[in-house]
Structure formats: C-alpha cells, structure tokens
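Shared between the two complexes below is chain A, which has chain B as its partner in the first and chain C in the second.
Up next, the complex of A and B:
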C-alpha cells in the first residue's frame, strides 16, 4: 500500500526530537491561547508565527498546525467551565457543557469533550490521509481558470456563510482584495497605490493584517471586558470518570459527527464553527429525547466537540492539495507557509513530501498529546484562566509588536499594525466580519495572477472561463453560494430558538 | 437619512471607492500587457461602489447588537492606543528592553493591575527572556537601543 509507506515516511519526519518538541509546543500553546476567551485560533497562529522564522518548512507547519487544532481543542475548556467560549468553534459546546459543569460534573464534561475531540481529530486525520492524495492528483490538471474559479468560490462561500449580513461580508472581502493590490504589480512592474513610499513597494505583509485585525482587535475587546473576572474561585473540576453507559451513549454521536465534521471542514467557507452548530442541531433532531438538550445532555456535548475537531483536519484538505484556504484561519496558515518558502498545492506531494506527510503524521501525535494535556492535566492548565487580564493584555500587545517587527524590521509596519488593530476593532463594533477580509487579502494576489494568466493565454478572450467543465461548475457554485444566505436565515432562526430554549432552561 | 451607522459606513465606503477608482484610472499603462495592472483594481473599485450602494439600501440595522460603550471605556481604548503609539515611537530609539519594560509597567497599571512586585517581576523577566531568546536563539535582532547588550 502506497499510503502506508507514505505514512511511515511521514512518521520518520515527525519522530525526531526536534519535531516532537514542536508538536508539543504547538498543541500546548494552542490549548492555552484557545482557552483564553477572546483570543481565537487566528490570533494564536499569528502570535506564534515569529517562532517559525528560519525553521525548515516541515517543522514550521507542524508547529502551526498544532497551534490550530490545539486552539480548537482548548477552546472547549472555557466553554464548559465559564460558559465563555474560548473560540467561536466551541460556542455549541457550551450549550450542554456548561449545564453539566453547573451540576458539579465539570470533570466529566471535560473528559467527554477531550475524548470526543480526540476521536473527531483522529478519524478526520485518517480521512485527510486518504482523501488528500486523490484530491491532489485530480487538481494537478487544473489551469489558471480553474484556480480562479476555485478561489472565487472560496470567497463567496465564506461571505455567505459568515455571521450577519452577506453584503457586509462581501464588502470585507472586496476591501481585502483592494489591500492586496497595494505594491508593485508582479506582471508589469507598475507601482500601485504605493504613494511613493518604499515601505509599500512589496505590499502589506499578511502578518500585519492578521495580527491587527484579529489579535489587536481582540485585545480591544479584552480591555472592555477586563473588569469581569475570568473565573470564580473554584478550580475543583470534580471527577474525570466516565461510566460504561456514558461511553456507549457518546459513541454514536462521535462516529456520526467525525464524518460530518470532516466533510464540512473540507468545503470552502464552512469550518469548525458551522460544523459544530450543524452537528448540535442534527444530534438534537435525531435524539429520542430532544428536550434534554441544553440541560446537560452528554450527546449534545460530544456532537459539536467531535465535529469542530474533525472540521479542523478537514480544512487541511483544500489547503494542502489545492493551496487554497477555505477559511480565515487556514488563510493565515497559508501565509505562514509562504513565509518559510513553501507553496502548497497539488505539486506539494511531489515537491515537498516531507511537509505533506510530516504534517499529517504530526496530527496523530498532536492528538495524543492533546488527550494527555486535556485529560489528566486539565485542572492545572485551567489555571491560565486566572492570569489577570490587565497583564495578559499588555503581554499580547508586545507579542504582536515583536511578530511584525521580526518580519520587516521597520517601525513603519508597526504603525500599520496599530492602524489595522483600530480598523479591526471598528469592524467588530459595526459587525463587519474580518475573516473574509484576511482570506481575500491572502487569495488576492493569487487570484489576480491566475485571472490575468488565463486571459493572457486566451489572448484576452473571456470565453476561456467557459471552456472547462470544472471551471463552469465552480463558477455556478460561487453564484449559488450567494443565494445561501436565504437558507441560512431560516437556519439561524432555528438557532435563535435553540439559544432561547437554552437560556430559558 | 443618515440615521444608522450602516448608512454612514456605506457613504464612507462609496467615497472611498470613488477615490480608489480615481487612482486606478491614473495608473500608468504598460504597453505589452493583454490584461494591464489597472484591470483588476478598476473592477474592485466598481464592485465596492456597488456593494456600498447595496448596503445603503439594505440598511441592515437589525443584525447589530447594541453597543453601549461608556465614555471612560472609549478613553481607555484611546489611552492604550496612545501608549502603543509612543511605544513604537521610542522602540528603535531606546531599544526593545527599556521601552518594553516601561510599556508593560504603565499599561498593566493603567488597566488596573495593582500588585507592583509581581508586575515588576513579570515585566522585567518577560522582556529579558523574549529579548535573549529572539536575539540569540532565533537570531531575530530586536533593537538594542541605549543598552550595551
């Protein structure tokens, strides 16, 4: 079997002292940052990026991927203990996790969350390992028109699936694309929107935007909520034990939602948040006893936890095989990869098999580390929730500053970072989603390149976009995805009802 | 007519897209390109203008949570932004170690952290650990400034 020998090769890459250490650092940092309410996975990855400068690409991606799925894993802890989700992907976890904790079964809830996360993560890594090579071999034949259509689909999908108004999300995406046009044009050498400043010749670095729009903007929210204590005086989480019957009860949801989560993760625009909500809703629908959901039903906890972790690995399929991220978080991962000099895509399997198989193998290991970190050690790790916010805020600001200064060594970029932090906070205030902006910004350069390549090959004829079936299908899907908001508004009404019920209980 | 924030934002975006379009039409042409450097920016400018009109018409006030920020909270945010600005201003001048320690002390105190002993310990310890690990382990050189190391 090819896959088996490839996996063995992957483990060869991972099982060096250095890379094991990076997996560990990654998942630990991810767990800790993900646990802090307010700081999400994008901030976690962006803050950790400076560490990867100068690393070899495989180690860098192993570290960053660990931060990503570690953050999704860790986010559940604060959902359960505080009812304050660490990240948006674990909001659904709090519906049944927090009631369990209130009933004095926090330990049990944490254990169920950890086991479901582990199962979801592991099953989806197996799926990733099997699906990714197929996808890559299919994508090898893609030309510029296919890529352009694919990226367009990614953007329209994220715009229509993001919270709130689709027009606002589309505006965010357009602004992201506009920011991407700053700098010297790659094909003609024309200076665009640099206003004569040498600092803008190479465009704006993605790290400035990621740290500004996410980490600094999240710092602003932390400042506003600094007076509310993160945690009461109680670290006692109770017993972590799960009975045999409970194990049997959650095995069904785990099996169902690791598959569902993975599929939703692969699709552009969906990701962990949507996957966890979908899983929660379906699990409730098929349950014999739907009224117990929201009151501490362990199935309602296992379903979203399995699903969000499965979606996380699923999101690696388009990232690794097509080189096209489907979400804001994977967009930042792509940016981190480009910094260390690897262009993911169908050729990565042949050009950088160490990165490709290494990162997949590292996820098996990372999930085991996470299980160990989150089961026996959770009472200790949860202490990070005691760090005074005032101190945390100023430390995060410094991390952002160093991160940006470490790429460019120029204070001009630090001012830009501050500016984007303010923009990010204003966007939050007026409900413009930031994820479409960062995704559009990172895809912008590639989209323009493939668009102009396609037209250059066809000598300016736009009919080239209708020549290939794959392109046409993708373009049709992009248009269709913009009609999704109507379906979504129906779904969100349901979600509101669900939340109302949850609040009422 | 401009009662909602959405409409103000829409108007701002429309003006912005117009200014952007003016710039795109002034980009120097490149004689040998089938699709020149101004093609995509022009499209984006028109797209943004169209979307801002759509936002103005839709005026989706209902999806916004009411923000009830108090005045002193706004002042606090501005103060932290100001501190960051001063931090950047002095960053290369005084060096990473000095400004970072000062920044951590002042900002944490401003935000309401009162335990001086642990604050000083964290500020100094954190800064030095970061400085030495970046300069010596990662070989990313942070500005040395007025200190001899």
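Up next, the complex of A and C:
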C-alpha cells in the first residue's frame, strides 16, 4: 500500500512538463555520450552538472540519473558496431555483439541490446521501488571475505572464456593479474612495478586496457586483412526484426540477469562492469551450446546488456538509502546532490522523499524514452558501418584516444593505450584470448585487496573465511565451478568408451 | 580509490555554474592588490593535482571562480587537472613549469606522499602562498559498538592494540590513518601494532555499517549524515575547539575527552619554487581579499568548509612543523621511507 502511494507521489514529482523534459534531456545526452568509445557516464554527468545548478534537487538528480543509465544504455552501440566499448560496463557486450555485427546482423544486435537494456532497466527499477529499503542492509552485508569469495567465483570462470586452449586462457589471465598489481599497493603503500614512474602509481585504468586490447587490436587486424568487409564499406546491417524463436531465446537470459545484475549492482564493490561479466559467464556456463558464445550468440549479447542496466538501478540502492556511493559514477552523483543542497545520507528518504521517489519514478519513464529513442535510431546509427573503412578506422583510433585522454589528461596514458593495442594485436596473432586478461585484471585487484583486508582484520587467521555463510556458499560454488567441468568431461568420456565397448561387443 | 575524489567532481563543476549564476554580486576588491607593484601579465594556470572530483579540484575551481567573478585578479584563472600519483604528477608539472603564473591547490598529501616515498617533491620544493580552509577528521564506530567514547576505545587499544581494526579511505601512512595514529598516540597507546585497513575504493563506510571493522577514520562531512541518522557514533572530532552547527556540535573533540591532540585537514595554495617574492605577495593578498567576499562565504558554507587563512610565512612554518610531527610518527609505525 505504502509503496503504491509513494510511487504515485514519485510520479507526481516526475510528471510535470519540466521534469519530463529533464528525463528526456538526460537520457538523450547520456545515450549519445555513452555511444562514443571511452566517454562514459562519469564524463557525461560531469558535463551535465553545470546545467543542474539552481535546479530543484529532485529535477537535478532526475536529470543526472538519466544521463547515467542513458550512457549505460547507449554504451553498447560502439561495443557492437566497432568493438570499442563505450563504457567499461559494455566490454562484455562486445564479446558476442561485435561478431553479430560482423556477420551482417548489426541491426538485429543493436535491437537485442536495446530490448535487453530496457528490460533489465525496467525490472530493476521495479525491484528498486519494492525492496530498496530492505536491500540497504544487504548492501553493507558484504565485507572483505564476501568480496574475496565473489571475485574468486568470477575468476574460476576464466577457463570457460577461452576458445580452445585452456592453458592459453590461464596464461592470459595470469598476465591480467600481474597488470592488476601495478601501482601503489593499497594495504602497505609499497610501489609495485612502477619503475619509478609517477604515472604508474595509481595503476592502469581499466578503459585503457579495454580499448587497447579490443578496439585497437581489431583496428590492427583490419588494416592487415584488407579483404575483411567489417568496419566500413559494409552495405549490409541486416534487419532489426527479431524472430519469435530469438525472442524466446533471449527471454531466459533477460529474466535471469535482470535479477543477478540488480543484486550485484546493489553491492558497493561490484557494479555494472562486474555484473556484466558475471552474467556473461553464468549464461555461458549454463548454456547447452557454450561453444557458440563469442561467435555471435544472441544470448551472450542479451545477458551482459540486461545485467549492466539492471546493475545501474541497483547502484541507486546504497546511494539513496545509505548515502554510500556504490561506484565511481554514483560517487559523482553524490557530489551533484551536495551541489544542489541535499546532504546524501540515510535520512534522505525522510528528509527529501521527493528526490527519492521522484528519481525512482523517473527511471520508468527514462527507460521507455530510451527504448523509443534508440529503436528507430538503429538504422541510422548502424550506417556508421557504411563509412569507408579507411575513414572509419581513423575515427575509431581518434575516439579511443579522446576517451583515454579525457579521463586522465595524460599523454603517458596514450602511449599505454598504444602498447595495449600492440599487445592485443600480438595476442590475436598467436591466438591468445583477450577476455580472460581483462576479466582477471578487473577481478584480481579487488580480490587481492579484499583478501588482505580480511586477514588484517582477523589478525592473520584464515578461519575468517568460514565465519560468514555467504562467504562459505560462494567458496563452495567456486570449487564446484572449477571442478565440475573436469568431472563432467571425465564422465562423458567414460560414457563414450562404454558406448564404444558396447558397440564393439 | 578515486571515489572520494570524484564525489566532489560535481561540486567543482557545479560551483562553476553557481558563481556564474550569481554574476550580479558586486565586485568588492578589484584593484586591491595591484598598487603599481607586481601583477599578472597573462592568464594564471591553477592546477588541481587530481582528476575532476576531489577536494583539490573543488577548491581550485571555487577559488578561481570567486577570483574571476569578484574581479579580485583581472586576469583569467583557468583550472587544469593533472591527476596521478596522489598529486605527484601535478606537482612535477608545476615544478617544471615554474614562473609567476602557475599555482596549485594542496593539502596534507604534499607532506604524506613524499614521506611515503612516492614523490621526490615535497612542500619545500614549492612556494607556500596562503592557507585557505580547514576540515577535520572524525573517528566513527557503528551505533551498536561497545565503545561509547574515545576513552573506551583507547582503553581497549591499550589492553590489546590488535583487538581493534581501523578502516580509512586513504592509503596507510596517509591522512585517515595518521590522524587516528596521532590521536591515540597522544592518549598513550602503543601505535606500533595498530591494525589499519585501507579501503581506497571508498568502501570504508559500508564496512563500518556492516560491522566488518570497529572504527572508521574519515572526514567530518562523511560522518555527519550517518550520525544524524543514528547509524554511527562519532567518538571524536579532531578540531581544536568544539564545532558549531546542527549535529556536529554534538561531536566531542579529543581535547574535551582529555586527549591533547588535534588534526587539521588544511587546504592552501602554493606556487613553484622560483616564484618571485612580489608575485607571492600579490597572490597572498588576492587570496585574503577573495576570502572577504560574500560570494566566497556563500560557497564556503555550501561546502561546509571552515576559513583557515594563513599568510605564506605562517603557512610555511605550519607545514615545517606538521612535517616533523608526521615524520616521527611514520617512523614509529614503520612506514617512513
């Protein structure tokens, strides 16, 4: 009952001409900025903040939240069309999205991404509305041991991200883990692998690695293989139509990952990027046909796209109920609230119910706007692929550089980008998968820190990892995820042998 | 790690607009500092040695906007971000650039980062121009914590320093850590065995609320809202005098609890080492004039800052003193490089 009246109140806040306009402006700006490789929601919100000054706090947050989920919505576009992730949350989108586009199904891939994003966004807003106050305690229930176990579970999936050689996947992952250790060690303040360069003190930004390994490496391959039709000069983006069978295929992942994404989004340590990877991996693991992942499987596209948008709404739970930023982007939103005179914190719901319920209500509207905006635009956006190859490749390189430079304003990072482009290209030549590297990088850093934080708190006792039920469950799942494939393959081999014997006799 | 900084990113940008929006306020002190002596001949570059976000950035942008809006300096003052290395990248930029038209905003890390061996440049490699604002640390525990006062906590630490885990958002040997170390040392705790957990992804508050750690050493602003909601208890603030204002006035200072210590999270402005004495005097006066304007006061209150003007000389002496204190503390906890 309460929820309904609160929601009505929220819609009352949103459904004024002014606020509807702000939702629209927010999602439009967000989705356009998100489409550009490298420019993520943080930059997008930064651009919008000056506009919000002097605005009513609810309107300001409505606008900026719109930019945020708009950017996550739009971020899939460049992942799919150019293999250049628009934001870190859409790296996993490129795994199957780009192969689809390569096969001349860019239109369909974009449509699936839009629909998954819409579904993930909407389902998670409903969840946000219904359970936000209840989820608040869940958000802080994860401490160092829980995060360690969660990241470990993610890492155990690395073998499943490989095409072919598991050994190569593990080597690639190891390199990712090594890169994650670069910088000042957070727990001791010791410099690791910085070689005395102040530029490396804070480690390497995720985006540099992602754009280098994916976008630049792809560009290199395209330059060398002139026959390839992809990226430019392509006259076929395919139809937007999704067949009944395809709709049925993606309904499962959408349902699953709306929930998973939301839950991971609520956890302050996880967020959209980890959620999208976890969803991709989960979907691949439970798939009957895992070998088709990475080659243009629509489930592999729908899963991360649903998940990253669901996680975006989830990230509003700690923000709105506790005043704790769950991610870099929500931290910026927190700052934006300060500017308009709202002190973010646990009392926001009582002090500023218009902000709380207004933002939630605006997200329903925003998601509808995004779908309506994006679907008709797809044929036009996909025309990017008609741009002559030489021109398009140059554009991709320029955008990657702008994206990287725009984050750090450091030329050093541009050289790093180049270095990772070359590494990515070499890895392709010798058939090393890049996905395990990026996954290990993103999970590894946090896993290490959580592990050591846990041990500091427990005075070095490993028993701390068995104190919490959540940790134990996650650890058991990790062990299963690691061993089950081996057991399975052994069993099936045995079966085959038995069958052979059977036939022979 | 960058979260706390980015939290404020919005502030700065917002404040930019604030100021331009309030364009009507009269300029109060346009020509206070020229008087025929030195004055800038070209636009001034104000460096925030961090990314957009962060206290440095907010401060830099707020100062530059108030300066421009109120015509304190008749040249443009453009803010540039030089993030990296906890400030080291920006400092090295200012050092290389030199001259009379480059300034930067700074705070305790200019002492901590070199002491931790992460920068060759320290406060003595620059020209202190003026101290501007002060903030304080707050030591918080969960609402259901057995500790009700700083002295309860100190007792527990004295009995067994490893029984209490302290979390902070900055690295070991930096602000959040050393503010706490300094306070409990003043209370007579053996600081060598203190347990400090660094949560540079900004998860300190969530660890505290989830009862994963015992104490969270943080900035005043972060603690206030949670305390107002009854989620945490603030055992002590590090201000020399009790604070004024709703909620914050309820926080006991260390001194009120018989611990003779304070910790100021100061922010100020510095220039390159080779800055001329005339230019330094000009900027010092400009900062002073700026802090008199109503526009500044409005901004300051909006961000919850406290004025803490120090002349260049006072600033230099204060920094020398702080550095000495921190160096010996860091040595004692085994973090000095």
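The rule is short, and it goes like this: the second predicted complex is superposed on the first by the 274 of 505 C-alpha atoms of A that agree within 3 Å, B and C clash if a C-alpha of one lies under 4 Å from a C-alpha of the other, contacts with A are read in each partner's own complex, and residues count from 1 in each chain.
Rule of thumb we're sticking to: contacts are C-beta pairs under 8 Å (C-beta built on N, C-alpha and C of every residue); 3 or more make two chains touch, one makes a residue touch a chain.
None of these values were measured; they are calculated from a predicted model.
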Per the contact definition in the header, classify A:25: touching chain B only (first), chain C only (second), both, or neither. neither
Once chain A of both complexes is superposed, is A:165 in touch with chain B (first), chain C (second), both, or neither? first
Using the touch definition from the top, say if A:411 reaches chain B (first), chain C (second), both or neither. first
Just checking: does A:398 make contact with chain B only, chain C only, both, or neither of them? Give me first, second, both or neither. first
What is the contact status of A:343 with respect to chain B (first) and chain C (second): first, second, both, or neither? second
May I ask you to decide whether A:188 touches chain B, chain C, both, or neither, giving the answer as first, second, both or neither? both
Is A:322 touching anything from chain B or chain C once the two structures are fitted on A? First, second, both or neither. second
Regarding the shared-chain residue A:375, is it in contact with chain B (first), chain C (second), both, or neither? neither
Between chain B and chain C, whom does A:459 touch in the aligned arrangement: first, second, both, or neither? both
Hey, what residues of chain A end up touching chain B and chain C alike? 50-51, 53-54, 187-189, 409, 456, 459
Touching residues of chain A toward chain B in the complex: what are they? 50-51, 53-54, 164-165, 167-168, 170-171, 174-175, 177-178, 181, 185, 187-190, 192-193, 219-220, 223-224, 226-227, 388-391, 393-395, 397-398, 401-402, 405-406, 409, 411, 414-415, 418, 421-422, 425, 429-431, 448, 451-452, 455-456, 459-460
Residues of chain C that touch chain A when the two form their complex: 1-4, 6-11, 13-18, 21, 51-53, 80-86, 88-89, 92, 116-119, 162, 165, 171-174, 195-203, 205-207, 209-210, 212-213, 224-226, 228-229, 231, 302-303, 335
Complex interface listing, chain B residues touching chain A: 5-6, 9, 13, 20, 23, 27-28, 30, 33-41, 44-45, 47-48, 51-52, 54-55, 58, 60, 63-65, 67, 69, 73, 76-77, 80-81, 84-85, 87-89, 91-92, 100, 103-104, 107-109, 111-113, 119, 122, 126-127, 130, 134, 138-142
So, in the complex, the side of chain A touching chain C is made of residues 42, 45-46, 49-54, 139-144, 184, 186-189, 191, 198-199, 201-202, 268-269, 318, 322-325, 327-328, 331-336, 338-341, 343-347, 407-410, 446, 449, 453, 456-457, 459
